[in-house]
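Next come two complexes, and both contain chain A; in the first it sits with chain B, in the second with chain C.
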Partner chain A sequence: MFSFKLGLKNLTRQKRRNVITILVIAFAFFGYLFMDSVMGGIEEMSFSNIKNYDTGNIQVVHPEYWKDREKLPLENLIYINQDIVDSIKNLDGVLGVSPELRFKANLNNGIDEVSVLGLGISSEQYNEVFATQNYIIEGSMFSTGESKAVIGVKLAELMDLKVNDYITLLVRTKEDTFNTIDVEISGLLNAPNPMINNGVVFVPLDIAQQGLNVGDGVSLLALKTASGDEDKIAKVLMDSFKNKDLDLKAYSWRESAESVIAFSTAKKGGAGTILSVVLLIGMIGIVNNVILSALERTAEIGMMKALGMREWEIVFVFMVEATGIGILGGLAGCLIGFTGVGLMAKYGFVDYSAMGVDISEFGLPIDKIYGTWNYPAFSFLFILSIMVALLSSILPAYWAAHKDPVKAIYHR
Partner chain B sequence: MRKVKGFLLIGIIMSILFSSIIIAPALEMTAEEIINKRDDNEYIISIKAEAEMIIVSGGRKITKTMLILSDKRNALIEFTNPQDRGTKFLKRENDLWMFFPDAEEIIKISGHMLNQGMMGSDFSYQDIMESDKLTDLYDFKIIGEEEIDGHPCYVLEGVAREGVKVSYYRRVSWVDKERFIGLQEELYAQSGKLLKETKLNEAQEIEGRWIPVDSVMENKLRKDTYTGFKIVQIDFNPEIPEGTFTLQNLR
Partner chain C sequence: MSLLELKGVKKIYQQGKIKVPALRGVDLIVEQGEFSTIFGPSGSGKTTLLNMIGCLDTPTEGEIRLNGNKVSDLSRKALAMTRRFNIGFVFQSYNLIPVLTAYENVEFAIRLIDHTSELKVKERVLKILEEVGLKGLENRRPNELSGGESQRVAIARALVKEPKLVLADEPTANLDSKNAADVVKIMVKMNKELGTTFIFSTHDPMVMEYAHRYINLKDGMISADERRG
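Showing the complex of A and B:
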């Protein structure tokens, strides 16, 4: 008890140094929590971009198509049978089904040509699954049968196009023969997904099917489901396809976005290394503090040993002092972090669009970054701070406590 | 006088009959025969050539020079102009590879990349890949006769055969009646839109064959752009060392 009290009392003896150490730890923790929140926010937005503007929550495709999906083949398509679509639509948790025909095309404005991804969609069904239509900033979406197209603003800028201009999509049919789809631009969109803004041309599904000679074929059915239920619904779908002897498979958005997830994990790994360095700085503060205390109090330690205090009691005194710094630093860090992350989650990081900067040019899918809460990170940091403070104090404290009392008193 | 008139009449009839005997085979040539005869002229079995590609786009003119080695199925093109020196293309059967000396990497050109213009020209990679006989790919018919630059021509229309993979659904060719060489050709998409047009500027008779040595291709989907192709020198049946058409030789 005496050692404990002495340890606590020692905390107040070098106020300035201890406060600085506590602040170092606090800011190191704040930096960690802030960065973690920003990265979590970016990741969450990337994933919601994939779900809301690219893949939907689940994709139903032919397994052979899935293997080659990056090449956008016109083989192994799904031939729409309304019964199948209805049976999927009627499943619990399925909120919408959108057939899509994906194809490669060269967009031609009469002067230049650029390679784009063509998306044949049925606009009504597409709106049930994707939020893209909310981002049409000029003109409107087309209806079935209209020779019209919707493109992203970035693509329109690049090709010097505006609403009511005519474009030609040069495509290859299923038989690999050149064909053209001539359409009028009915709308321009500025979606939060840079891929949509930069390189996608939406055309009515029937116009695309006709131009590509694929009959009623579609590349995939994109499904919107309740978030988090993807795996469960995908399994139900797979069982149903098996029972109906259909050569179809259901893949959740995670499987579609494998590469994005892998990239995100790798990015997290890299950022984790940087954040570890930040944490290390805080920990070095604690170790430094204990060593300085031990050096300053060598004579005192010698005196205490001469008066009969045992080595482990002296070590305990230092451990209490260091742990106190760890607890206070951890608490302060978590408190500042809590405030920072709270502000980030509510108000966002920086509104780039207000500044007139388009960060999609740098590969970021959004114009404002919102932070995410990662509660385990708070408890992890707090416990880590106590543990490191405790453990890092043992060695210097033991070094001080182990000294011969006479030599310690005379600083030898 | 009546006798003279009689001889004249006989002479005219004789000459009509005689000329009809000579002209008849030409008139009766089928579209397929005409295309095959043109192919006999233009279809290359084995060559070594030096050529120039003049790319004109939006007022800019770029000239690229190249060496071409080709046999019946394979071809190797090496660019020799300073900007692209060392860039090579290798066509082997139905595959195409490219080597960029700066990247020191061999890239296979496939899928949608084949639709892109070769080195920024109006010739797509797919265009240079086509080496099948046209009569195997298209059903041709004669749709008329016209004159181009004083040369009487057959106008032939080829429509892609069912089940055959071809880039252009329809092509209309103007074939010189005397030299059996293509003077002009239009290539259409399935939608009926004109995609490309080639015109012959000059043909030379080399070793008994009429060879197009200066022609121009226009991408009709784009304004103010065309690509000229000139053969500076050509040798038929050259000696091609073994291993010329290999990926090892591409580096």
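Showing the complex of A and C:
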């Protein structure tokens, strides 16, 4: 079609302006893809923080405990029966099972007191599920039966504690009487999870059980699975608990991580805002381009009208050109985005430890953050660029085509 | 039936609060195949008259008939269709599309009315370019053509759809005398060969020489109308 060809050829006019518009669109695109990748990276990091240092992939708990879990109750505990643990452990896809007793405690160093989360763990099993022990930077992990504790570096700093110092944990037993657990610090942790560094005291499970007077009770079993398998395995577990008439439920980490989900929601909101800005920039670029072209080609539009071209035919010529700019901008944006995201995914975009900044204070993970690939964002954005170009060129093109032919020809 | 009939055509432009009468009652009959020039001082209404005849604008008062059909009160869309199929235009400043070659600039006009065969279109475009003496320059862009050559492309563009009527508003004003003469000679030749009716305005007495009919405009009215040869 001739008008189509003319529209394409018009792309070669005002090359500089077209290139600028294309670049503006491309960089707006890149900005979006970059942010999307960064946010994806942070999200992924938060997810893995939760999975690897806090909840494990799946938590097995008493349903009543689950409801109150934020309050760290000592009611509705699980009383470990080796058969159950073994049957869970032998399940396909389960890589580790770690019993955990969670409790509220006040940590006392002899002078000051601070409230902390106590975690009674069995160190070997804990190791199968969580990576935390890799981050012991001083001292070592305790073994079962030892009156020892491991705490985070931040907490140690706050309470002015070192390895081999003694601390007292003030707790309330199951019967609501006060008790103390006296332990020696055996190791200091600097894990990528800020919560662990700031406010957790690890003690051996049996020591915690004694101190809290809960017998064999544990708050939950944390399970490690291959990532992605959580929902499937949780369902299998639920079914088997039901069959065995056990009052237990299995929850994937997603369900126990509202804060993360909140971040994901915020991420979507943020992405939406950036997307609107990107689209607005694209729109302004295209509208500006069409208007300037139309002004420069007034006499030409007049000639087209004299030849008897209909308004929509002239609009079509302008729209082909605008859409061409949209497509080129979109392609260029995807290309730069591809490179940028590729680099971020490969080399990471921040390395706070290298920078000597501790961002855990801001609740952010400590490790290097890597960009994530979000392929649908690329195609989505590309299609959007075509739509934006089409839609935003209609009005200015119509304005151009609607000119009175006499005025257009003689520029009056 | 005459090709063109104007009866009491008036055009009054509104400029702010002032009314500017550009045409003050023009009666004119043009027969098929005539080769006429409109001349007169600047501001006498030549361009306005050509625009009315060319269906680019409608008169404030009066009637214009083209091929017996009243065109003076048509809608914009109907006017566009009338121009598309019946009228060719040549402008003082050529108005070629810079990104298209000479061939494509001419092809443009025929594509608007002929969607049939590629071969026929090509044949017609090449033939008309040859007629106006541009054989071999088909693939040049407007910036690679002289003023005279550009205007010949414009004439080819106006003629390629074989309209009954070609209107040219000062087609030679931007050309030197040799090129101006060439361009007018081509119009004369096409008028003879195809029987196309030409009406062109000009200030140039040399160009006027070639016309068969002289229409003199003064203050928006025809003050003289002579035929010769």
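Observations
Convention: the second predicted complex is superposed on the first by the 402 of 412 C-alpha atoms of A that agree within 3 Å, B and C clash if a C-alpha of one lies under 4 Å from a C-alpha of the other, contacts with A are read in each partner's own complex, and residues count from 1 in each chain.
In this section, a residue touches a chain if its C-beta (ideal position, glycine included) is under 8 Å from a C-beta of that chain, and two chains touch if they have at least 3 such contacts.
All of these numbers come straight from a predicted model, not from anything done at the bench.
Bringing the complexes onto one copy of chain A puts chain B beside chain C with no clash. By the touch criterion defined above, A:Arg13 lies against chain C but remains apart from chain B after alignment on the C-alpha atoms of chain A. Look at A:Glu146: by the touch rule set out above, it reaches neither chain B nor chain C. Contacts of A:Glu184 after superposition on the shared chain: neither chain B nor chain C is touched.
When the shared chain is aligned, chain B comes close enough to touch A:Lys71, but chain C does not. By the touch criterion defined above, A:Gly110 lies against chain B but remains apart from chain C after alignment on the C-alpha atoms of chain A.
When the two structures are aligned on the shared chain, A:Asn213 is found in touch with chain B, with no touch to chain C.
Of the two partner chains placed by superposition, only chain B is touched by A:Arg172; chain C is not. With chain A as the common frame, chain A serves as the apex of an angle whose CA-centre rays point to chain B and chain C; its value is 140 degrees, to a multiple of 10.
Of all Cα pairs spanning chain B and chain C in the superposition, the closest are 67 Å apart. The residues of chain A shared by its contacts with chain B and with chain C come to none at all.
Put simply, chain C touches chain A in their complex at residues 47, 51, 54, 56-57, 77, 80-85, 87, 89, 91, 93, 95, 97-100, 107-109, 111-112, 157. Interface of chain B with chain A (complex): residues 58, 111-112, 115-116, 160, 165-169, 189-191, 193, 195, 221-224.
Chain A meets chain B in the complex at residues 71-72, 104, 106, 108, 110-113, 115, 168, 170, 172-173, 175-182, 211, 213.
On the chain A side of its complex with chain C, the touching residues are 2, 6, 9-10, 12-13, 299-300, 302-303, 305-310, 313, 404-406, 409-410.
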